[in-house]
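Encoded as structure tokens, the structure appears first; notes follow it.
Note that the chains are named A, B, C and D in the order they appear, and that numbering of residues resets to 1 at the start of each chain.
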Amino acid sequence: MANFKGHALPGSFFLIIGIWWSLKYSLRYTSHKGKSRKLNYYYRKIEIIDGGVRVFFAIVGILAEQFVPDGPHLHLYNDHDWIKLMNWQHSTMYLFYGLSGLMDMLTFLFPVIPLGLDRLLLSLAAVTEGILFYYHVHGRPPLDQHIHLLLLYTVGAGAISIFIEVFIRDNIVLELFRASLLIAHGTWFWQIGFVLYPPSGGPVWDQTSHDNIMFITMCFCWHYVAAVIIVAINFSLVCGVVNQLKRPRGGESIGIQKLTTGSNTHEALLNDTDED
Amino acid sequence: MANFKGHALPGSFFLIIGIWWSLKYSLRYTSHKGKSRKLNYYYRKIEIIDGGVRVFFAIVGILAEQFVPDGPHLHLYNDHDWIKLMNWQHSTMYLFYGLSGLMDMLTFLFPVIPLGLDRLLLSLAAVTEGILFYYHVHGRPPLDQHIHLLLLYTVGAGAISIFIEVFIRDNIVLELFRASLLIAHGTWFWQIGFVLYPPSGGPVWDQTSHDNIMFITMCFCWHYVAAVIIVAINFSLVCGVVNQLKRPRGGESIGIQKLTTGSNTHEALLNDTDED
Amino acid sequence: MANFKGHALPGSFFLIIGIWWSLKYSLRYTSHKGKSRKLNYYYRKIEIIDGGVRVFFAIVGILAEQFVPDGPHLHLYNDHDWIKLMNWQHSTMYLFYGLSGLMDMLTFLFPVIPLGLDRLLLSLAAVTEGILFYYHVHGRPPLDQHIHLLLLYTVGAGAISIFIEVFIRDNIVLELFRASLLIAHGTWFWQIGFVLYPPSGGPVWDQTSHDNIMFITMCFCWHYVAAVIIVAINFSLVCGVVNQLKRPRGGESIGIQKLTTGSNTHEALLNDTDED
Amino acid sequence: MANFKGHALPGSFFLIIGIWWSLKYSLRYTSHKGKSRKLNYYYRKIEIIDGGVRVFFAIVGILAEQFVPDGPHLHLYNDHDWIKLMNWQHSTMYLFYGLSGLMDMLTFLFPVIPLGLDRLLLSLAAVTEGILFYYHVHGRPPLDQHIHLLLLYTVGAGAISIFIEVFIRDNIVLELFRASLLIAHGTWFWQIGFVLYPPSGGPVWDQTSHDNIMFITMCFCWHYVAAVIIVAINFSLVCGVVNQLKRPRGGESIGIQKLTTGSNTHEALLNDTDED
């Protein structure tokens, strides 16, 4: 859908999931040490719902792309002409993210499925989005091309960092990175909508101006700064809430949280300092 | 061989080996826990045959490229002109895959050969195919170029993931990924044959249409979706069969299969839940 | 600031931090074995000050870019025109490095923050600088483009090696590599200033000469050689000083330093040889 | 030196070191299990000599580039013109490889130097060679460009695999890979000499023919096949000789060699089979 809504819809999906992930992984990280069997049970349920929501988003996206008034209505070919290829390409992008969501659900439902396949499919969904976008913009005005190709940075960084998660699972740094990339990805879709199809009916941007391209490049960096700040705020909020919940249970648990970093050298550092 | 058969032959080779690998690695993964010395003995035999079949495919491919009626018949140079360079390039591609198959056989026949060299040579065979294809299509019509260059995605992803297998061997995620890439690689060769040399004698595609290029890009993604589904079905079938075979031997073995994931956190998760 | 000072300022910042890091990491590495709680306490303080200095540099840089006489004075848009986009882009670059410095401080102040986020943000600051520079030079003369794009090599190598530090922390090889890249990055900014805006008022370089481009490429390699030599000298100096400080305390500590390499095979090698 | 000798000289250096490395690493790998302190002592001496020889080669190369009759004789700049930049660029390439050889010597002479820096500098020497070659060929005829740029594949693969050796040291797969790349690199320099400056005075190749470019691409792959075969032969020879030397000492040592693979699963496999 080459209009404002066609960019706002996937933008909102990415943004919602990005914010949700920044909360989910912060919660799992900060509450990690006091983990009980009950918590693990709930985490598994959450992961299954997480995957389910993404399947739902993907289906909504595909239906929207296919059945908007000017959509292809599931027709692909007609008298030597492809019908609404852009909508079909967007549907393909949703299809891959939907597959990835399904894989997440299956991984947590059936333990025989090897861990890591869920991350691999998510990474491949990002690669597919990248391939589609890359050839998508051929022959369009420079600003249109540039604003779409900047998405390749979030998509590419996401594909690489998620692929690393196949091997280094449950790494909070990679997970927060993924969340921040997804948030920036979502807000950038909104930005594309505002630039190319101003909803207020304002003047259209000059699509050949080099200055506009330079500004858009910088603006993309600002979006990522905003995404980092959102993730930082969410992490701090979750930390605060988890601390509040832990405190009443007993005095000795205050110190526990300091030790949550597990496999790194923070504890050593801290213990040394505290005892000095 | 710039015709339908010249693409169907390697396509079939890749497809057969891809499907075979998805079965082989699924079988090894699901039957892993109950592994006995006998099983290991058979696995080794299977690996040697696997390599041998690939050497055979490579020889068939080279002979076909050289001795088809319009082939070079092993002549390379003639009166200041190279003879049938495309057939020679295809022969070179087969040669590398043949070398890789030979290395697989040697690795399992002679234990003094370091593990990992087989994966390295397979990865290099993919890189070589990529280099040959990349310079292969210079100066051809846009659709012809594009449809060949899309192969670089499967070749590139394969080269990277197989190179990782040099260090992380026997990782089921990487192995299934490799199988899925090989299947998509094989079906895409068939697709190239159908697009560029329609066997039904139907109308040739317009090789300069941007719409055709956009469709082909999307079609490539669909091929990969199909490959993922084929691997998923094979994995499920193997799981089902292995389960059926294990069940009659005794009641306690039902639970064993749940624990096959070994080095990951699935068991912990499961145990926690089961006992809750 | 498209003038000599606008390149000398960030160049000096990068150079100072690069030299400082080569000293800091050499010191931590050579004094490692005899580490006491007191030392760790001081190292933590140093890391916080290190981050603070970088935040200070970033603020100075942003203020300089914004409030030089011909700067944008925080105005971004004015009557359908962007104001001084280059200054805004430089400010964005400083902003990311400032954020990274802030993250370093927070990481060592609040142990709940996962280790690795500081490295991730530093790596992203380098990526951002790379993206900004890459689109920055569009449409400029060849030599101007080339001399700026060479920065992408140090930026790219830095981004990759710092990203690896997310996972492999406190690795002296990566840390000295980072320091050397930063030094070369800093001296190259000075070089850009001298080539494009000769402060002596000498003749401007011919910006279209292929020979000049070839010389500049080679000159870039020489800068890196110089950076390697600076790091080597600093490492040797620190080694010498640490050895001098250790010696008077007792005879047995002479041999200790040889064993500092910890996780590698140097000791085995040495012990074998010594005892032969 | 843009003539046959100017390519034969570095080609011979690369070829000699590549063959030497394939022998050295094969020997270390096959004789590993029976390693004694004496052997380690000799290995260290060999590494120092190895680095020394490379420093010597680099000095010879630099002197040859500078003081051939038509060389720059250490003059860089003369009346607004750069003198013999190509010779200077080649000297820079030698300089980096010389630095890397020096680092190897220092690493094995002074144990305080962290292991890995030698590999890092070798990797950077390859990157530098790549950067120099990449901008080197600008504006030359297509075949000249292409034949030089193919070097980037061996240089790039070498840079990546040697960088991995910073972290995964003494890995026989990576070491043999490095040796094979170096051999192919060396023979390719000879090939460039034969193609661009036929020493027999034969007819010069048509530098714009697309067929020549396609043949050269394929020929590059054949060079790599030849390099793999050379490494394989050297490995087999060393294995045979080490086996011969081990046998007379006692009957039980025959089985030892089978177990040399150490950290991989070969032994398990073998033991299982043997006992079946």
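What we mean here is this: a residue touches a chain if its C-beta (ideal position, glycine included) is under 8 Å from a C-beta of that chain, and two chains touch if they have at least 3 such contacts.
Each chain and its UniProt protein: A, B, C, D = Transmembrane protein 45B.
Computed from a prediction, not measured in an experiment: that's the story for all the values here.
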item: Minimum number of chain-to-chain touching steps separating subunit B (Transmembrane protein 45B) from subunit C (Transmembrane protein 45B); value: 2
item: Shortest path length from subunit B (Transmembrane protein 45B) to subunit D (Transmembrane protein 45B) (each step joins two touching chains); value: 1
item: Remotest chain, subunit C (Transmembrane protein 45B) as reference, centres from CA atoms; value: B
item: Residue-number overlap at the subunit C (Transmembrane protein 45B)/subunit D (Transmembrane protein 45B) interface, same or different (half cut); value: different
item: Interchain centroid distance [CA atoms averaged], subunit A (Transmembrane protein 45B)/subunit D (Transmembrane protein 45B), Å; value: 43
item: Centre distance in Å when subunit A (Transmembrane protein 45B) and subunit B (Transmembrane protein 45B) are each reduced to the mean of their C-alpha atoms; value: 30
item: For subunit D (Transmembrane protein 45B), residues contacting two or more additional chains; value: none
item: Contacting chain pairs - touch in the sense defined above; value: A-B, A-C, B-D, C-D
item: Residue numbers on subunit B (Transmembrane protein 45B) that touch subunit D (Transmembrane protein 45B), as the complex places them; value: 37-38, 40-41, 44, 81-82, 85, 88-89, 92, 95-96, 99, 111-117, 120-121, 124, 127-128, 131-132, 135-136, 138-139, 166-167, 169-170
item: Sites on subunit D (Transmembrane protein 45B) touched by subunit B (Transmembrane protein 45B) in the complex; value: 29-30, 146, 153, 157, 168, 171-173, 176-177, 210-215, 217-218, 220-222, 224-225, 228, 235, 239, 257-258, 260-261, 264-270, 272-273, 275-276
